[in-house]
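Just so it is clear, A, B, C, D, E and F label the chains in written order, and each chain counts residues from 1 on its own.
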């Protein structure tokens, strides 16, 4: 879980915080939340496709 | 060898399959084959230059 | 220390030597020296901000 | 052990296909991105297979 | 052990914020780059915190 | 052990110089790419050497 947290921090920070200011703006916060959700969605799609392919 | 396979999959997929479709197209397949061959060539050039330099 | 050397070689080579020639040019050498110095500066700024934040 | 290996492959695939298919994250996983990811997984596995075959040819030639 | 973990976090932060804030290295660390790095560290830590909260919500929903 | 270290350096060098010199892979390794790679290896080693010297200076100053 720590590894996932580190990976997501890295990926979502790079995608959502383009020029870091004195606090996280509203749109940056929303982007981060969506980034986490979409990453987990993507993980599910990947798992499904991977398992289908192996069969 | 597994490590090389993983590395090459990663590199050659990124270089050759820009927008993944429902199958590997002909030019993508050619690109992948050339990508493997050129990577092995590059490895040889690197080894030669590296050894020459160390002498 | 070896790890830092490897990391800096990678980062500074990528930033400073855009098209590798038959020797390191003067501006490339300066860029590499500044790259090392600024990386160490950045490390210091990061450490300071990190410690302040943890308190 | 095999389970750990599969987990690791899923992580690698998610990374590759996330970079390939996801631009800015949106509020839903839209159809286009989802089919991009699922094609990405299959094409990546095709790529690995094709490279495996190619490497074996090369080893024989040596 | 905790010291090693902090060192590792400092390395990760320096990498992220160096890529984010440093274009071509110059002869001094100018003010703009310095405040970019220091904001970058704080916003990165905010990001990690926000993601931690989000992941816990998600685990509860499962 | 030293052999493993050299292998690892060759891997790292191939990665760096492949990214630096290879655009789209072609059917032959053309002369331009080949000399780019061989220059890349030498300049990378120069870079590592220069950085080693610089780091030692810095450590002395501390």
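The working rule: a contact is a pair of C-beta atoms (placed from the backbone, for glycine too) under 8 Å apart; a residue touches a chain by one contact, two chains touch by 3 or more.
Note that this is a predicted model, so its numbers are computed, not measured.
Peer 1: Keeping to the contact definition above, tell me which chains border both chain A and chain F.
Peer 2: Common neighbours, chain A/chain F: none found.
Peer 1: If we look at chain B and chain E, which chains touch each of them?
Peer 2: Looking at chain E and chain B together, no chain touches each of them.
Peer 1: Have a look at B-D, A-D or C-E and name the one that copies the C-F interface, over half of its contact pairs being the same.
Peer 2: B-D
Peer 1: Going by C-alpha centroids, which chain is farthest from chain C? Tell me that one.
Peer 2: D
Peer 1: Among the chains, which is located farthest from chain A on the basis of C-alpha centroids?
Peer 2: It is F whose centre lies farthest from that of chain A.
Peer 1: Which integer distance in Å separates the CA centroid of chain B from that of chain F?
Peer 2: For chain B versus chain F, the centre distance works out to 17 Å.
Peer 1: Rounded to the nearest whole Å, what is the centre-to-centre distance of chain A and chain C, using the mean of the C-alpha atoms as each centre?
Peer 2: 28
Peer 1: Of all residues in chain C, which are in touch with two or more distinct other chains?
Peer 2: Those would be 12, 16, 37.
Peer 1: So which bits of chain D are touching at least two other chains?
Peer 2: In chain D, 21, 42 touch at least two other chains.
Peer 1: Please list every chain around the ring, with chain A first and chain D second.
Peer 2: Starting at chain A and heading to chain D first, the ring runs A, D, B, F, C, E.
Peer 1: If we count contacts the way the header does, which residues on chain B are in touch with chain D in the complex?
Peer 2: Within the complex, chain B contacts chain D at residues 1, 4-6, 8-10, 12-14, 16-17, 19-24, 28-29, 32-33, 36-37, 40.
Peer 1: Show which residues of chain C lie in contact with chain E when the two form their complex.
Peer 2: 7, 11-12, 15-16, 31, 34-35, 37-39, 41-43, 45-50, 53
Peer 1: Across the complex, what residues on chain D touch chain B?
Peer 2: Touch residues, chain D against chain B: 12, 16, 20-21, 36, 39-40, 42-44, 46-48, 50-52, 54-55, 58.
Peer 1: Considering only the defined contacts, which chain E positions touch chain C in the complex?
Peer 2: 9-10, 13-15, 17-18, 21-22, 24-27, 29, 33-34, 37-38, 41-42, 45
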